[in-house]
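Structures for review follow.
The two complexes that follow have subunit A in common; it is paired with subunit B in the first and with subunit C in the second.
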Partner chain A sequence: MRRILAVTTFTFRELLRSRLLFVWLISVIVLCGLDFLLSILSFGSILQIFMDLGLAGMEISGLLVLLLGLAVTYTTEMDQKAIFLHLAKPLTRGEYLLGRILGFFLVNCLVVLGMGLVVVGLVIFLGGGTVPALFYDCVVFILLEMFVLTTLGLTYQMIATSMVGVVLYTFFTVFLGHCIGEVQWLLNQEMSHWIKVLLRMVYYILPNLEAFNLKDRLYDPNLVLGWAQWQDILLYAFSYSFVVFLIGWINLEKREFR
Partner chain B sequence: MSAPDSGRWVTKGAALIPVLFVLQAYLSTRLHEWVHPTSFEASPVQRMDKTIASTLRAVAYLTGYKVLVGHVFWIQIIQYYGDDDNAATRWSQLYDDCSLASDLNPQFISIYTFGANALAFHLKRIDQAARLLEKGIKANPDAQRLKYLLAAIGYQNTNNDNLIIPVLEEEAGRPDAPPMLFNILANTYQRVGRYQDSIKVWQGVLKDGQTDELRILAAQKLQELYAILKKQNLSNH
Partner chain C sequence: MEPTAVMTDSPCAIQIRGLSKTYKTGFWFTPKVTHALKGVHLDIYENQAFGLMGLNGAGKTTLIKLVLALLRPTAGSVMVLGGSIAQRSVRQQIGYLPELPYFSKQHTGRELLEYFGSLHGFSGSTLQHRVDEILELIRMRSAAGLKVSGYSKGMLQRIGIGQALIGKPKLLICDEPMSGLDPVGYKEMRDIFIDLKKAGTTLFLNTHILDEVERVCDRIGILHEGSLKEVAPISKILESSVPVDYWIDVDSGEAPKLSGIPFQEAVQKNGGVQVSGLVLAETLSLLTSRKAQVKGVRPLSSQVEAYFLNAIGAQAHLNRPRMGTP
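Our next item is the complex of A and B:
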C-alpha cells in the first residue's frame, strides 16, 4: 500500500510540475467565459443554461487534462525511459500501474472539483440562484467517468507504442463510449448479421459512458436516482476499471523495456 | 508483494477478467435501460436541411454533449426567428428547428413556449404549435405553463377571447415572456373592448421594449387607442 501511495504522490507531483494546472486555469477562463456569453445570448432560464454549460465545461476540462497528461507522461516515461527508474525499485508492475492511475485521478479530481467550485460560486454569488441537488450527483458521475477513462488511458499507455496512439485511442474511446446508447438502437434495425455481431462486440467492450452522463438529465423530471442506481453505477465503474487495469497490468508484465 | 508474488497475482487477476467482464456487460445493459427508458426517436425533418439536422445529431450523440449542442442550436433558432429576411418564407423551418432543439434538450421549457407562441400567434400554424407543446408536455409532465399555453391556443381557435385572456396574462407576467406575447395580449384586450388594459400593456412596451421597432409600434398603438377613446367619449357626451 505504501509503495502504491509513493507512486501516486510521485505521479501527482509530476503532473502538477508539468504545468497541467495551467490547462485548468485556461479552461476555467475560456469555458466559463463562453458559458457566460452563451447564457446571455440565449433566451430562457439563464441559470439553467449556465448550469448545463458549466457541467459540460467541467467534463471537458477533465478530459483535456487527462489527454494532455497522457501525452506528457508517455514522453517522459516511455520515450525518455523514466519508467526504468520506477521499475528498478522494489515495486511490482501492478503497483506501479495502480499508483499512476490514482495519481492521474487525483489531478483530475482537482481539476473537475475546482471547475465545479467556480461554477457553483458564479451561480450562487453572481447569478443569485440555487444549485439543483442533482448537481452534486452529476459531479460524482463525472468523477467516476474520469476514473474509468484514466484507467483506460493508462492501460493504452502500457499497450501503445507511440504517444499519438495513446491520445488517439483515448480520444476515440470517449466518442465511441458515448455512442453506446445508440448502438443498442442500431441493433434493432435491419442490417447484416455480421455487422450486428460486430456492433454487439463494440457494445460490450467499450465503456458505456452514457451511463455516467447525468449532466444531460439534470432537469429530467422522469429521472430515478436511488440507491439501486448508485449501486449499479459504482459496481459498473469498478468492474470495468478493474478489467481494464488487469489487462494493462498483464501487458506491462509482458512488456520488455530496452 | 515481491516479484514472484507479482506473477501469482497476475495469474489470479487474469482468471478474474472473464467474470468481471460478464459483470460489467450485464451492468452496462441494465444501466442502458436506466439511461434510455424509451428507445431513440428522432423527430422527422421536413423543411430543414437534412444534412444540418443529421450533423447536429451526430455531434450531440457522439460527444455526449446533447444539452450543450442543444443550447448552441437554440441561439441559432433565436437568430433565425429574429432575421427579417426569413419573413419571405414565413419562417418555414421554425417548427423543424424547435423539434430538433427539443430532441437534444427536452427539458428546456423555453423552446416549447417560444416556439409555440411564435407558431400559433404570429405564424398561425396552430397544428405545429400544438404538436410542439404536446411533445413538451410529454417530456415535462410537471410544466403547467405548457398546458396553459396549449389551452390558450385551443381557445384561440374557438375565437373565445375572454377565455384566452387569463392564460395570456399569466404567460405575459413571467420574466422570460417573449415580447410578442405583449402585443398579442394588448391586441386581444383591444378586440374585446378593454382599451384601458390595452393602453397599460402598450405603455409598458413603450417603456421597457427591447427594440426601437417595438417602441415605435407601441407609440403608434397608443395613438390609435387614445383616438378610439376620444371618439367614444365624444359620442357619449
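Our next item is the complex of A and C:
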C-alpha cells in the first residue's frame, strides 16, 4: 500500500508542476466571462446559467487536464523510458498502474472541486441565491465519470504505442460514451443482424457516460436520488473501472520495453 | 566458441541459461527478424565485478533488460540472486542504472531519491537519513533542492547512480554508467564502484570504457552479434599473450630506412612504424641492423583492448590507422 501511495504522490506532484492547472485557470476565467456576458443578455435565470455553465466547465476542464496529463506523461514515461526506473524497483506493474490512476484522479478532483467552489461562490455572492442539493450530487457524478475516464486513459497509455494514440482513444471514448443513448435507440430499430451485433458490442464495451450525466436533470422536479440509485452508479463506476484496470494491468505485464 | 567456465566458490548472483531474444519487426508481408541474443550461457558470481563488453548493437542492453524482465526471452532462463526477478524480495536487492537515465523534470533530486527510497520500503527518518547518505556519496547535496530540469548530463547520471544505490543493493546492474560524466565524475564513479566491490556488492557493468573494465572488473565477458564469445578473469587477460599494437618512433631523417619492412603487420608512416606485438622484436632487430635511430617504443592499445578485438575477430583493427599516430 505504501508503494502505491508513493507512486500516487509522485504522479500528483508531477502533474501539478507540469502547469496543467493553467488549463483549469483558463477554464475558470472563460466561465466567469461567459457568466457575466449571459447574465447581461439575460438569457433565462442567472442562477441557472451559473450552474449549467459551471457543471459543463467542470467536466470539460477535468477532461482537458486528463488528456494533457496523459500526453505529457506518455512522453516522459514511455518515449523517454523513465518507466524503466519504476519497473526495475520492488514494485509490481499493477501497483504502478494503480498509483498512476490515483495520482491522476487526485488532480482531477482538485480541478473539478476547485471549479465547483468557484460556481458556488458565483451563485451565492453574485447571484444572491442558494445552491440546490442536487448540484452537489452532479459534482460527485462528474467525479465518478472522471474516475472511469482516468482508468481508461491510463489503460490506453499502457497499451498504445504513441502519445497521439492515447489522446485520440481517450477522446473518442468520451465522445462515443456520451452517445450510448443513441446506440441503444439504434438497437431497437430494424437493421442487419451483424450491424446489431456490432452495436451491441459497442454498447457493452464502451462506458455509458450518460449514466453520469445528472446535470441535464438538475431542474427536474421529479428526480429523487435514493440509496438504490447511488448504489447503482457507484457499482457501475467502480466495477467498470476495475475491469478496465485489470485489462491495463494484464497489458502492462505483457508489455516489453525495448 | 563457447565461453570458458571459471570455477569459483561464490554462489551465482545471475545465472543465465540458453538465453535468446528475437525481435520481429515489419508488417505481415515483409516481416523482419533480428536475433539480438543467441543462446547465451553466463554465470555472474556474488561479490565480484563483471564487465560486459561488446560493439554497439552486440546485444548488451538487451541482455540487461532480459535480466531485469523489461523484455521477455524468446528462449532460455535467468535466475537472479537465487530466485526469479518477478519476486519482490529479489528486486529489493537489485539496483539498476540505465544508459542515460531520464527522470520526470518536475521533481528535485532529493524528491526523486525519496520516491525511489520509498519504493524500497524506507520511510520517515530512515528514508531521510538514507537520502542524505546517498546525496553525500554522489556529491549532490548542494544541488539536491533544484529541479531535475536544471541538471547537467553528469548530474543526471549521478542521480541515476543514487537511485540505483538507495536500496542498498546486493547486485548493481549498470548500463554504460560512465556516459556523460566529466573526468572528475568518471573518477568518482569509478571510486564508488571500487568501494561497493570492497563492501561485497556484486557489480554487473555494461561498458565500452576499457580503463573502467581493467580497474574495476574481476571478470569480463565479450558479446558479439548476440553471442557470448569469451568470458575470462581480468587477471588472465592481463597476463595473456594476445598481441598488442606498438608504435616505434624513429628520427625524422630515418624515413628511408623504414621502407620495405617485410612484415604484413607492420605499417610504415611518417616518423615511425605501427607494428603488431607479434613482429615487434623482429621489426626492432631489422631497424637496428639498418642502423635506424629508434627514439622509443610505446603500446598503442591495452591488453584488454587487444583481447577484445581478438575475441570479436576484428584483426583488421590492428592495422587500422589510429588517432594519435602520424
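Points worth noting:
The definition used in the following text is that the second predicted complex is superposed on the first by the 254 of 258 C-alpha atoms of A that agree within 3 Å, B and C clash if a C-alpha of one lies under 4 Å from a C-alpha of the other, contacts with A are read in each partner's own complex, and residues count from 1 in each chain.
The rule is simple: a residue touches a chain if its C-beta (ideal position, glycine included) is under 8 Å from a C-beta of that chain, and two chains touch if they have at least 3 such contacts.
Since this is a predicted model, take the numbers as computed values, not measurements.
When the two structures are aligned on the shared chain, A:125 is found in touch with neither subunit B nor subunit C.
Applying the stated contact rule after C-alpha superposition, one finds that A:52 touches subunit B and leaves subunit C untouched.
By the touch criterion stated above, A:10 is placed in contact with subunit C alone, subunit B being left untouched. By the touch criterion stated above, A:219 is placed in contact with subunit B alone, subunit C being left untouched. The wider contact with subunit A, measured as residues touched, comes from B rather than the other of subunit B and subunit C.
In the superposition on chain A, A:194 makes contact with neither subunit B nor subunit C.
In the superposition on chain A, no contact is made by A:227 with either subunit B or subunit C. By the touch criterion defined above, A:247 reaches subunit B but does not reach subunit C. Looking at the shared chain after the overlay, A:185 reaches subunit B, while subunit C stays out of its contact range.
Common to the subunit B and subunit C interfaces on subunit A are residues 90, 92.
The touching residues of subunit A, counted against subunit C in their complex, run 2-3, 6-7, 9-10, 13-14, 16-18, 76, 80-82, 84-92, 256-258.
Interface of subunit A with subunit B (complex): residues 38, 41-45, 48-49, 52-53, 56, 59, 90, 92-95, 174-175, 177-182, 184-185, 188, 203-204, 208-211, 213, 215-222, 224, 229, 232-233, 235-236, 239-240, 242-243, 246-247, 249-250, 253.
The residues of subunit B lying in touch with subunit A in their complex are 1-3, 5-7, 9-10, 13-14, 16-17, 20-21, 23-25, 27-28, 30-32, 34-37, 39-40, 61-68, 71-72, 74-75, 78, 105-111, 114, 140-142, 176, 178.
By the touch criterion stated above, subunit C contacts subunit A in their complex at residues 23, 65, 68, 70-72, 88-89, 91-92, 94, 96, 98, 101-107, 111, 115-116, 118-121, 123, 163, 167.
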